[in-house]
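In the part that follows, the structures are each spelled out as structure tokens.
The following pair of complexes shares a single chain, chain A, combined with chain B in the former and chain C in the latter.
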Partner chain A sequence: MRAVSNLKRKSIARTSLIRTLIFAALVLLVGAQFDAYNQAQLAVVLILFIGVLSITLLTGISGQLSLGQGALMAVGGYSTALLITNYTLSLWVAIPLSVISSAIAGLLLGVAAARLRGPYLAGTTLVIALAIPTIANRFMSVFKGDEGLQVDVGYPPQWFSSLFGEPTYEQWQLYVALPFAGVALFFASNILLSRTGRMWRSIRDNESAASLAGVNFSRQKIYVFVISSTFAGLSGALYGLRGLVGPSVYPVSLSLLLLTAAVLGGIRSITGAFIGTVIVVFLPDWIELILGNFGLSEQVSNFLPALISSLLLILTVVINPAGVAGARLHKHK
Partner chain B sequence: MNAVINLASLSRSPRKSIAVISVALAGALALTAMPAQGASTPGVSDTEIVLGMQLPQTGPASPGYNKVDDAMRAYFDYVNSKGGVYGRKITLVAKDDTYKAGLTVTSASALINKDKVFAMVGSIGTQTHISVIKDINRRGIPDLFVNSGYSGFYTDPKKYPTTFGALGTYVAEAKILGKYIKENLATKNVGILYQTDDFGRNTVEGLTTAGVTFTAKKTAATFIAGTQAGGLDAQMQQLKDNNVDVVIIGAVASAFATAVGSANKIGYKPQYIVISVGSDATTFQTILGSKGIAPAVSAGLLAGTISASHAPSPGEADDEFVKAFKKINDDFNKGPSKTWDNNVLQGMNIGYVTTAALMGAGKDLTREGIIKYIENNPLKLSSAALAPLGYSATTHEAFTGFWIGKYDATTVLKPIDGTRKVWTTDSAKGPVTELKYTRPAIAADALPKVG
Partner chain C sequence: MNTFLAALSLGTSRGAIFALVALGLVIVWRGAGIVNFAQMGQAMFSTYIASTLIANGYSYWVAFLAALLSGAALGALLDIFIMRPLSNKKQSELLSSESMRAAVPVIASLGILGALQALAGIIWAAEERGFPAPAKEEGFTVAGNVLPFTSFDVFVVSIVTLTLIVTTLFFTKTGIGLAMRATALNQEVAKLSGIRTNRTRTISWAISGAASSLAGLLITPTSNLSPNTLDLVLIVGFTAAVVGGLDSPVGAVLGGFILGMVISFVTFYDTPEDVFLAILAVLLAVLIIRPRGILGSKDARRV
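And then the complex of A and B:
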């Protein structure tokens, strides 16, 4: 029995690894076709994709609603920035360490969340997101208030430049984000395919039934929050490395943007998380491309991305709740 | 991604697949990492100079400031109508960052990589500009005439060699206002309302240097920048409860208006002293108007407010710069609101100084060339301001002089003692002294002459 289980585990890991490698190859190939601006945008897609995956796991798979993923991103961002600026650690060391701090934050949140559900949970997480500026200002000497901490991805190491040539700053942003996005994809894929993923789905579908089947849902809820927070923290760490870690980098609207991306793409699938992220990141550019020649005033054009993504969100919820990735399901129905 | 899943499930030899994909991955990485390309000056062609700007065009911090880009564009359109600079027309691409640093980074990338701007000009916002200033400087892109008085951007040109200010620093202005308070309001209980970013803290720093101090949570009330739309009732109540007679405002214009609205509700009428970027009369009246306060009433609320300025008041109809800029605004401003005010005057002035710098840098325009020109020739870059630009190799601070005025019943800032005295100081501990400066006249065609 154990041999069969090990075999299954290996098979899941292998499938996840193949997905990850193909994903990375496709990103690199597509990135090679892009200009500098779109390479930077692609890097943002990879960064936010990790954050959206945190919602896929938390909300899509295990049914816990969070409106404060931006706060957990901020935990990752601030941890990375403090480790880099105060201890001059390399980002390759600082980011994994900051992921641990996000996991601890997730654990604390998870302990509270295990007792909450529905709107109460959403409200609690929202309050945490709203508290970031106050915390940053209350502990000014550490977090540097509203102006935050300046950090970036810096320059590639010498060996990298010798091996692959000197990348542009945008390419380097992409190369820094890609391995982390790959790791996130690998783990998310593993979780979804494994027993853990099935347990979380059972909690989402019916807590009582899951409990009768032997799932300790309180403990699993805490696990969900810890894992989801590590994803959010990783995303936040990379997001901060675009130039600044500060309250205005992780506003409440960022949490809502991640949720929008997850719903648009399909909140229950990894594919959906990626599609949704591509939509929210590139939507303003697509709108500009289509409507740029109509000479719309700034007063109109500045509001269009938010307006159109809101419309898409409403249409998705009403017509196709499973999102783009789940459209196939509706067709088969 | 479905394709990815299908491919994976079709694979019969996963180990081999992983090896093949890994090799492909390394190949793709090598293909992507092309050497960085050297290029001629971006954003400059024989017929055009493209400039970029970042500002909050929407969101709670936008009222008033969202007019600056339209005013700058109006001045550039005027210059273009006169043949441009060495035959090149100036194009300004402005991007809305809603005062959120995450968006500032994205919009800077768009301006640099997509719009290929020659320089950034007149960007607005301290905390948002912090997120991009390092990257802009690292790329050697001129970061001209930033609309922030944060001294940290300018006092160390080795750190940010391409960044130049467009305002006097908050510290210098606060020191000058602090001197006035010490000399004229010493018997009053002085308090402050400030936003907890560099703007607010620099204001407190300058006042403290001048000897004006506060007690936290008693005579000093704070709020987080950008949250003023929710009201400042608690802060004004705190100041009222602590019997503060004079309230200094170290905050943006929308916050000043909100604070006065909140104070008015509780019958609190202190003497206000407002840092210049927060004291625009039109923005003040517009915001109070949106709260149902009629213009005549809001003009009354503003009357008596003390503020400072490096430029003439927009209400000084006889000032030659005001006259010229106002006409250009009437004829060329295509923005949604071209009502003449401080923001429009500031936008026009930045347009004027930018044009002068582009002219002075010469026909063979380069990024290094314009930075060097501005640093070496601040006195050739005259403007509407009543103080000279203070640029040098050791500082990129803009105007170091301010005059102090009081708003009258018609919302015009008038010199407080009848005759205008301009005061000058530095952003450190230097003394506040009177400035003797004669502003060069504006030419009949309202174009700068850099000789």
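And then the complex of A and C:
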């Protein structure tokens, strides 16, 4: 029995690894064709993809709706920024450390959230998403209030440049985001395919049945929150490294954007998470491309992306709740 | 002493408005089992309609009535075209679990909120605009002292009280009101006894839409009107509803006044910046000590 399950575990890990490598190769291939602007956009896709995965795991797989992922991203972002500016750590050290701090935040949130269901959880996390950024103004000396902390991805190390040639700033953003997105994808894929994923789905589908089958659902719920928060924190850390960590970088609308991406693409699938992220990040550009010649006023073009993504969200929920990647649902369930 | 009176009076008039918002949330929760996060988006939209009418020379009261009616109509339309089809989709695989049945309407209401805010931005531009009050916003003067209570506050408190009385009578004395309570209690049984549950659901959306539009009209004179000014009011209203008990209209009113006082006293005695943390603290305290709220019934936390 043991041997069988070890074998299974190995094959799961192998499947996830292959997926991750294909993903990374595709991103590098496509990224090489893009101009500087689109490379930066692709980096944003990779960064937010990690955040959307946190919703896929939390809501899609384990059935808990959180509107506060932006607050957890802020925890990751501020931790990284403080570690880099105050302790002059390299981002490769600062980011993993700040992921730990967002995991701790997730643990606290999870302990509170394990008691809450449905709209209660949604509303409470929404209040948290609004309340956390105000802390930045409360402790001005540490968090620098609305001004925020300035950080960026810096320059590539010497050995990288001598090995691969000097990358542009946008390319370097992409190269920094890619390994983290790859690690996130690997772990998410592993979780979805493994026993843990089945356990979380059982909580989502029927708590009583899950607990009769021996799943300690309160503990698993907390566990889901911790894992999901590490994803959100990682995403937030990278998101801040685009230049600024401040309350305006992690507004409530960011949490809602991630949720929109997760639902549009397909809330239960990793492919869906990626498709959804691509949609929400590139939507403003696509609209500009299609309607740019119509001479729309600034007032209209400012709000059109939000209007269209909201309408897409409503349509998806009413007509095709499984999202773009829904067809794949039956395979992985 | 003066600070205390000022805090008390602000708490009362704000509390009345929060009570109205919470009541709107409770009505839809009881009628349809949904927490409507789009509620203040709907209120924002109808307040903009009122503001446009006033700008075009109509009297405040015409605009006031138009806002209430459009708020009710918008609520009913959202239920008919979005929420009803959604609840009829329960057979689909994604909605087969109870947790997702609770989550999906919330997601839909967030989509509605986003769409309404973007639409308002496109139609009315995003810059803030003022909104008039129908009564003076200066304090009463008694023996040379300016009291912190204004005619507008009197107007707010009396119109909210009137609304609460009318709503209570509606739910206890009228046939439709009783049918709505029956539907809230047990949808299947209500259906079997001949109540058209789809219709009662739509009516609860309409009433909630009108109530929150009223809240929008009453709160915007003290702030400004922009597509997302009312988001914060929704958060407070939600907290008030949870504090009072999500399925209890009386609890909603109580919760509204409690939140009004908490926010007002934090603003006066601490700093306005701590308001959100205070709201979060109240919410977490209630959820830990008494999750069903002060007046909520035991099974209020149905998913």
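Everything that follows uses one rule, which is that the second predicted complex is superposed on the first by the 326 of 333 C-alpha atoms of A that agree within 3 Å, B and C clash if a C-alpha of one lies under 4 Å from a C-alpha of the other, contacts with A are read in each partner's own complex, and residues count from 1 in each chain.
Assume a residue touches a chain if its C-beta (ideal position, glycine included) is under 8 Å from a C-beta of that chain, and two chains touch if they have at least 3 such contacts.
Everything numeric in this text was worked out from a predicted model, so none of it was measured.
By the touch criterion stated above, A:L46 is placed in contact with neither chain B nor chain C. In the overlay built on the shared chain, the residue A:A81 is in contact with neither chain B nor chain C. In the superposition on chain A, A:V153 contacts neither chain B nor chain C.
Once the two complexes are laid over each other on the shared chain, residue contacts for A:I55 go to neither chain B nor chain C.
Shared-chain residue A:G243: touches chain B; no touch with chain C. Of the two partner chains placed by superposition, chain B and chain C are both touched by A:T134. In the superposed model, A:L259 lies in contact with chain C only, and not with chain B.
Once chain A of one complex is fitted onto chain A of the other, the partner contacts of A:A112 are limited to chain C, with no touch recorded for chain B. In the superposition on chain A, contact of A:A122 is made with chain C only, not with chain B. The residues of chain A shared by its contacts with chain B and with chain C are 134, 137, 299, 302-303. The part of chain A that touches chain C in the complex is made up of residues 59, 63-65, 67, 112, 115-120, 122-124, 126-128, 130-131, 134-135, 137-138, 203-207, 252, 256, 259-260, 263, 267-268, 299-300, 302-304, 306-307, 309-311, 313-314, 317-318, 321-322, 329. On the chain B side of its complex with chain A, the touching residues are 1-2, 4-5, 7-9, 11, 14, 17-18, 21-22, 24-25, 28-36, 57-58, 94, 96, 99-102, 105-106, 109-110, 112-114, 126-128, 130-132, 134-135, 138-139, 195-198, 201, 222, 224-227, 336.
The touching residues of chain A, counted against chain B in their complex, run 14-15, 17-19, 21-26, 28-29, 31-32, 35-37, 40-41, 44, 133-134, 137, 145-148, 150, 152, 164-171, 174-175, 239, 242-244, 246-251, 253-254, 269-271, 274-275, 297-299, 302-303, 325, 328. Residues 29, 34-35, 37, 82, 85-86, 89, 92-100, 102-104, 106-108, 110-115, 117-119, 121-122, 125-126, 231-232, 235, 238-239, 242, 246, 273-274, 276-277, 279-280, 283-284, 287-288, 291, 301, 303 of chain C touch chain A in their complex.
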